[in-house]
Amino acid sequence: MNFASDNWAGAHPAIAQQLLAASAGFAAPYGASELDKAIERRFNELFEREVAVYFVGTGTAANSLALAAINRPGGVTFCHREAHMLEDECGAPEFFTHGARLAAVDGELGKIDPAKLAAEIRRFPADFIHAGQPMAVSITQASEIGTVYRPDEIAAIAEVAQTHGLPLHMDGARFANALVALDLTPADMTWRLGVDIVSFGATKNGCWCAEALVFMNPAAAKDLLFIRKRAAQLFSKSRFIAAQFQAYLHDGLWLALARHANAMAARLQQGIAASGGARLAWPAEANEVFAILTQADAERLRTAGAVFYPWNPPHATPGLLAEHETLVRLVASFATQPDDVARFIDVLG
Amino acid sequence: MNFASDNWAGAHPAIAQQLLAASAGFAAPYGASELDKAIERRFNELFEREVAVYFVGTGTAANSLALAAINRPGGVTFCHREAHMLEDECGAPEFFTHGARLAAVDGELGKIDPAKLAAEIRRFPADFIHAGQPMAVSITQASEIGTVYRPDEIAAIAEVAQTHGLPLHMDGARFANALVALDLTPADMTWRLGVDIVSFGATKNGCWCAEALVFMNPAAAKDLLFIRKRAAQLFSKSRFIAAQFQAYLHDGLWLALARHANAMAARLQQGIAASGGARLAWPAEANEVFAILTQADAERLRTAGAVFYPWNPPHATPGLLAEHETLVRLVASFATQPDDVARFIDVLG
Amino acid sequence: MNFASDNWAGAHPAIAQQLLAASAGFAAPYGASELDKAIERRFNELFEREVAVYFVGTGTAANSLALAAINRPGGVTFCHREAHMLEDECGAPEFFTHGARLAAVDGELGKIDPAKLAAEIRRFPADFIHAGQPMAVSITQASEIGTVYRPDEIAAIAEVAQTHGLPLHMDGARFANALVALDLTPADMTWRLGVDIVSFGATKNGCWCAEALVFMNPAAAKDLLFIRKRAAQLFSKSRFIAAQFQAYLHDGLWLALARHANAMAARLQQGIAASGGARLAWPAEANEVFAILTQADAERLRTAGAVFYPWNPPHATPGLLAEHETLVRLVASFATQPDDVARFIDVLG
Amino acid sequence: MNFASDNWAGAHPAIAQQLLAASAGFAAPYGASELDKAIERRFNELFEREVAVYFVGTGTAANSLALAAINRPGGVTFCHREAHMLEDECGAPEFFTHGARLAAVDGELGKIDPAKLAAEIRRFPADFIHAGQPMAVSITQASEIGTVYRPDEIAAIAEVAQTHGLPLHMDGARFANALVALDLTPADMTWRLGVDIVSFGATKNGCWCAEALVFMNPAAAKDLLFIRKRAAQLFSKSRFIAAQFQAYLHDGLWLALARHANAMAARLQQGIAASGGARLAWPAEANEVFAILTQADAERLRTAGAVFYPWNPPHATPGLLAEHETLVRLVASFATQPDDVARFIDVLG
């Protein structure tokens, strides 16, 4: 009953096997192997256009180097107040941009409110250098609290970004989970709506460590080769990342894994909604369920072997919890077993 | 006949299999798993003392974070003029230290000359802030040109470093190759001689991506957890690095792999020395052979399928090459086959 | 009728004359002159203890280097949401700390609320590296909105800072204005209450460009000489800053100038309070008055020659303005003339 | 007899008086005053084209922000081995560029050898990211050892820079001294020869603290306003720098001061050449004389009240000194008195 996080899972067998298969023989290092090149081309197909793609080792690296590529002195990136890059990356985005700032924007259900975004951007008038200058907007898809931006919501944010000449970045640590939730293609969830840069995460959805930084406009990423190397993210045996993507993207495996994770979350959600004592904090739309339990129930579940984390209530939800209640996050992954879900619901009662 | 670099090899089967075995099940992320902890303890045994060990993904990361941990404003790290961190890391050490400088020190055979080191350090008197301040000495073991510091040479450098209160870092991207060449223990090649920090590389010697940053004095690394996370080098599924080290360090595998690589290099060296047209640039002491070929021979070898790189003659060797000659680097690894060595020598004639 | 800002004023005649007097002759550069040393010692008297003092050229430099001196990887400095370093320094504090973050803390009247400070710090538990680590608390005295922390308020914040092992920095761009408002000595307004570092500003109060970074514990600033030089803030003809402080601190000039500025602000305040159409946004406690005018009155004053800026209502004051109203900031300085104040009040009616 | 450095002098009376005159009245801060704007326009005249000009407080700031404006990840700036930015700025250029490196180029008499520059740049092939990427060439005019690049020498370096697409920066801390030595106009010594960016120093030649960063192509400096503010180099009372330039550039004062300094250096040189025991290390071409004295003579001069510094012999001059000899630097400035020169020569005998 491990619902702690999707990064508690290991690697999907097909991916692990592909890695094993790729371990033999000599191959050009530093991204120059045929496999690396082939997988890079695979991303062109995936996104239905020529993209620039750079493999890196962690999601924090993908997000940080995305911002580094479009960095401006005194730059300000607008993201949701609960964004991972703002809450959980130990200042890496600021570090890799030499101090460019992240500005928190509010919005319901973990998603940026376009009107509030516009208002926040207007706080940085072009001729007032003391405040710094806007440099990007970043959204998280799926969001940090398990919700999913609908296409029109992304388009509305993209419009605000474009109005101010700002590139739009998508932190896609759970890109696949959002994609299958919306039943869209990668192109339809990104550049056709105005997204310019994607942190295309695969680690949480079944890989060991495979993240791709995807630029819709390759010219915008011209210095990324140097930025990545200088950031210590150019792996000498780069093929081991390429091989993970090879299996991940083969024959729709990545979509199947995300569908499984989302389905497991949906079951958890149904069980919780139907339970007597627990309730949902807000609707789960991808592979994460946020539930409000009594502390006694939470304790009982842990005693029964369930692993999960408490979660700080979002700023936008004052009064979410009654006394004796706790907000918890339950994450499903490719590795989540239906039996574990059933047992969790059973123990919850 | 691939002698291009040890990072053209893949992963040793035992390591690849261990990774596969570790792919199942749930484990705490971010270095908190039992396997991570067990392997960290394994390093205590290895170094015969309590060390602080941090897994990272690339050698550049290990070197850069080593310097970041001991960073000083206006800091200067003294390394050999041909050091990897100075020549081949795209400014990463400077980036991760926010501009601390690398100062080139000369010395024969790719190794720092202690007297020249002392002279260079003296160029930075303590009360002359304009020049900056010394912050570390770094040596590469085995060196960038395939030579190996002998214990007394390390001790002499350590003495200079200690005289000036500077920590001594060892870039051990080819630590194992040097270790078996000298037939020493890790402790005897490092802290017993005065080495304070080691970039303990395993990638070149049979892993996918496994580097450990080892601090002999754990207190000196107190901020490294934050430095590593902020540097985007904390892997969520950290166990996949731990698993590589598990196999690598098990039952002396790492030493066996290094001995094989060194033996293959020794055979190459013997063959070249015995050949009519080629000669050694300097003695190979680990797994890299630097040879002077006629350009015609080099061409002929490449046509026959040999893969290797030309190498810029070191600054300390003016007049090394006659006209029509080329300096080449031949690297052996755990994956080098005796037949390939034999064939190379055969083609060389 | 210039109430735009205290940095629209030039230099007080006594300070300008001292500069002129100091322009002749040779003196050791880079802070080594006898005058530099004498003025540094003057700060020991001023603060009634041995302090470390570093002259820099701008207030932004003082604040940024204060944080640089106590920098930590992934570091977080807690300051008021309206703090100058957060709103008006173009990311300089983040830049000089390589990305350490500023966390906004709320509080009434431009002053940090100690309870909210404690709550915000607790969001960074020591063992949760993803969030970063607290590194400092910074207060602004006088505050960005013209209020002044009372001694007990500073002590309460210092207690929270000390509980968490954090140094307390005071941005004293308007140090003198606060000091005379409280009728305290520098020691009583700083270290006796728990303040560790002061950005001691003199530019706004009558100098050209004279800011001193004062560390109550000299040992805490040991690398500041290098930090300052590397930050391009070590002036070769450093005596020209020292000379400004010489006149500024001589015979209480600085206190007299601040008293004058505060008195002019008090008159403005009285006039506004007594006027028919305007009102005070909150009480002015130093040399800045924040007033709510009708837009018609603001226009009329500007037509009559008054110079002043509109001001964004603080986050903590929703509903501050009625329609047709505007919030404006009126700043008095050493150079403000009573006649200008009288005329402003007269025009306001 | 102070020949220690031109920054031991104070301010020229005309400049000090202009500062005094500018101290009264209100003026828009942060470079927005009429005086600031007028002086910026004055630079257009001076350079006979529309330039972008930014006032900063120190020469280190000018050089560092010049590089920051053209910064590239993994960037490498080529400068002479004895360049001030490489030897004497405590890593500031690296700091403000987040780790871009300075590569030392050799050349006789303190001046870059164009052929060696080309060879050094070729060490960074465009497709070899490990080495980093060239980003600029910087020359010092007058050089660190008192020599002056002739126009054809600048043009030859500019040609190499342009061939590789690199902007050419001129560190003009002693711009005026070089200009009058060559009897050229600013345009003829800079952009007409291919110089793109100038650190236009005035501090050493009679100002308190007045440095201007001049971009021949204003579009290349579009982010400099943010870079400067973030670097804490935007002075609130910016007019105090503008006023210094006002007097400095008025009626050829700056050229007269430089001519005086150079003439004093020429007299020193003549006297030394004619003396029995001392000799010139190399010809003085601006306001600095490098002389080889016996240690006994140096001691005797110091006892007689002469102030001057020893100087490390340049790398390019092995065997410069006989035993018992010392290399010293003698700097003349606007403030150097003929009597002091005469007395120095007299004591030297």
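The first chain written gets the first letter, and so on, giving A, B, C and D; residue counts start at 1 in each chain.
Following the convention adopted for this analysis, contacts are C-beta pairs under 8 Å (C-beta built on N, C-alpha and C of every residue); 3 or more make two chains touch, one makes a residue touch a chain.
Keep in mind that this is a model prediction, so the values were computed, not measured.
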If you take the chains that touch chain A and keep only those that also touch chain C, what is left?
-> B, D
Identity of the chain that, by mean CA position, is farthest from chain A | D
Report, in whole Å, the distance between the mean C-alpha point of chain A and the mean C-alpha point of chain D.
-> 50
Rounded Å distance between chain B and chain D, as computed from the means of their C-alpha atoms = 41
Go ahead and note the Å separation of the Cα centroids belonging to chain A and chain B.
-> 35
Chain C residues counted as touching two or more neighbouring chains | 73-74, 89-92, 95-96, 98-99, 129-130, 132, 226, 229-230, 234
Which residues of chain D touch chain C in their complex?
-> 2, 4-5, 7-13, 15-17, 19-20, 22-30, 56-61, 64, 89-92, 95-96, 203-204, 208-209, 226, 229-237, 239-240, 307, 335
Could you pull out which chain D residues touch chain A in their complex?
-> 30, 68, 72-74, 98-99, 129-130, 132-133, 223, 225-227, 229-230, 234
Mind pulling up the chain A residues that touch chain C in the complex?
-> 73-76, 87-101, 123, 129-132, 312
